[in-house]
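Look for subunit A in each of the two complexes below; its partner is subunit B in the first and subunit C in the second.
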Partner chain A sequence: MSDVLVQLSRIISEVVGPDFLLGVEITPDTTFSDDLGLESIEFVALADKLREHYDVDLVGFLADMDIDEIMAMSVGTLATHIESSRA
Partner chain B sequence: MPEVTARGVRFHVQTLGPDDGPTVVFVHGLVMDNLSSFYYTLAAPLAARGVRTILFDLRGHGLSARPTSGYTPADNAQDLLEILTVLGVRSPVYLLGNSYGGVVAMRTALLAPDRVAGVVVVEAACGGIVGDLWLEDMVNTLTVAALGLEFDRTQEQLFSLGQRKIARLAANASALLNGTSLIDDLGSGPWFDDLSLVDCPVLGVFGAESSLIGAAAELAEEVPDCRLHVVNGLGHTVLREATGELLDTVFDWLRV
Partner chain C sequence: MSRYLFVVPPLVGHINPTVSVGAELVRRGHTVAWAGHQGTSAPLLPRDAVVFPALPDAAAASIAAARTEWLGLRGIGVFKFFWESFLIPLGHAMLPGVASAVESFRPDVVVADQQALAGPVAASAAGVPWVTSASTPGELLDPLRDLPKVSSWVSDKLTSFAGFDARFSPALVLVFSSRLLVPGSFPEHYVFIGPALGDRPCETPFPWDWLDSRRRVLVSLGTLNGAAGGRFFSSVVEAVTSLDVQVVLVSPVPVSAPQHVLVVDRVPQLSLMPHLDAVVTHGGHNTVCEALAHGLPLVVAPIRDDQPLIASSVTDCGAGIRLRYQRVRAPEIRDALERVLKDPSYAAAAGRVRDSFAAAGGAPTAADHLEAVVA
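Then we have the complex of A and B:
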């Protein structure tokens, strides 16, 4: 697992709450909506935390997707975007 | 999480775009809705065109606090104005309200005409017979939903099935409908003023198949400076399903 994926998993657990994640293993293929049960407002909170942690702005990245595409996105796709923004 | 405390309530507020210039404040719909419906649709493209955008979760919704009272459209309008004051926004702003948010936006324009430059109403009846019937229908629907959530313990069943997302939505809806004065407040109207008193430009956007389409004609008839745009083939879901067309219409109206 890449460093970004490890960090991202930690930040996701802050947003989702650790109780729910006890039964879920976060992998690059984990999706936000179906696997993590993330609400769209919680994804807004996640974007805030990523901005604080990585200084990466997701607004441009998300602008090309509709809400269903965003929520169906995998953790790996988001990690790849963060890695490429920092490169 | 960016927060603003206004009228003693903690509000979740997001801002996208520049720190000044023309400003659009978004007002979302009731109960199952929150600022994310704008965050993922209209806000980023407007911000990219140099418009300051301000999004907030109404009290009791999204990530804002859920006080037990203060849920009339007039309360929501006061909340909005106080949030702008706390943010230091002094010049008049454009308000864009979807569904019930349109009622709040219009209420704000009538309450503080010097602070509102214009209103975009998306799929909302803000007066007349259609408006009265719509609010009455909303109160009835929410009352039935509240009873169902209270007695079926829907959220607990969903949590036990691992349906986190729907369970959370149900839990939040139940807390809002059964734990606050929202339904009573909405039912304690009338909440509509004479729309001929609206002295700012208004853009009304409606779905041609919507049950609120009658409100479009009322709006155009009553509001002195009103432009209408009707989206073919859609009902109440204009924001979500005709995002591009709505954006183009708003851009053209704002002339940005």
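Then we have the complex of A and C:
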């Protein structure tokens, strides 16, 4: 896994609470909507952490997506976006 | 005197608010009727209410089956399913019945629930003015503000079904909440009337003798979500086992519980409210408003749909604590419940909402505005 992916997995685990991820391995294919079932309040917390760590605007990133893209958004998709916005 | 036709979806929380408004119109000498699923609507309405069948049982059953699938979904998949497999198919299924109700009842105004899209379509086709009944302020809170592509996807769905945005009447939008709970600026024809709780028939029995002098808490996930509530209910039971309170837990599935927890599948919720000290809920708008109308503080664990927004309204005004439905465990529930019971600020905030509801005017205010549509 890339450095960003490792760090992103840690951020997600902080947002959701580490004991809820027991048995859920976060991979690039893990989706936020269906696999992690991110609750709306957790999405807000995730957006805050991404802004803090990477200066990345999650809301702006999602604003460009249609409903199927949002449903399919995976940890890998977000990691790639973070990497490209740093480059 | 005028004729009003309420068009309602097969959802308890969306039918209930129309009962009070309908009764007020009748008291003023108007004629009212409903169009919807007869089996769902009739038990909630007055015995002599006229209900035009606008949703065949087979269609209602297939929508109920879809709902079972919907209970298993998470994230934005819930939202997609809501539009594609519930709201639009429901609109199609109700349209013939609503159109024939409009033709035979000849209403002066159609009062269409925001989730009964057939109402505005049938009314427009017949040249009858239609107004919106927003039983929850969910759509007004603009959940898609930050997702323009999803927002235009919804608009496309509405346009292909109705040809216009059937969620919001250009003449009158009745909102069953108050400006204290729903801040923000809205057009002048959006009228906030409060929850309108009066005149609901209720024949659900309750063992009133069971209540003693301890403080009492109601736990309910509403009429739709309770079936999937097993884990949450177990956590609640664990949370309250060591608390000196009485708990009424509404669950359609069996839950094993100690003696101070009464597990029942139905309650006369509104009659129970004056006997309670706090309510634990998923954030269904009806339950939240019924609790706040009685000045009761809340613990809200929103599951889906507009519930996260309703939960935010509650915490923003200070009347409750929000929990994460999927993740929450017993100690967190116990802590939240103890806080809303012990810290008077929550009940004080709930009391302010209660006062704002009373000031909003309820069914008489709704009736004033509905009369003005005809005048």
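Couple of notes before you dig in:
Assume the second predicted complex is superposed on the first by the 81 of 87 C-alpha atoms of A that agree within 3 Å, B and C clash if a C-alpha of one lies under 4 Å from a C-alpha of the other, contacts with A are read in each partner's own complex, and residues count from 1 in each chain.
Rule of thumb we're sticking to: a residue touches a chain if its C-beta (ideal position, glycine included) is under 8 Å from a C-beta of that chain, and two chains touch if they have at least 3 such contacts.
Keep in mind it's a predicted model, so treat the numbers as computed, not measured.
When the two structures are aligned on the shared chain, A:50 is found in touch with neither subunit B nor subunit C. Of the two partner chains placed by the overlay, subunit B and subunit C both lie in contact with A:70.
Residue contacts after overlaying the shared chain place A:59 against subunit B and subunit C alike. In the superposition on chain A, no contact is made by A:78 with either subunit B or subunit C.
Contacts of A:41 after superposition on the shared chain: both subunit B and subunit C are touched. Within the superposed three-chain model, A:8 lies out of touch with both subunit B and subunit C [touch as defined at top]. Of the two partner chains, neither subunit B nor subunit C is touched by A:26. Overlap of the subunit B and subunit C contact sets on subunit A: residues 16, 20, 33, 37-41, 59, 62-63, 65-67, 70. If you check the complex, the residues on subunit C that touch subunit A are 73-77, 79-80, 146-150, 153, 302, 308, 322, 324-327. Across the complex, subunit C is touched by residues 16-17, 20, 31-34, 37-42, 59, 62-67, 70-71 of subunit A.
In the complex of the two chains, the subunit A residues touching subunit B come out as 16, 20, 23, 33, 36-41, 43-45, 48, 59-60, 62-63, 65-67, 70.
Chain contact summary for the complex, subunit B toward subunit A: residues 1-2, 14, 16, 34-37, 39-41, 44-45, 47-48, 57, 62-63, 162-165, 167-169, 240, 243.
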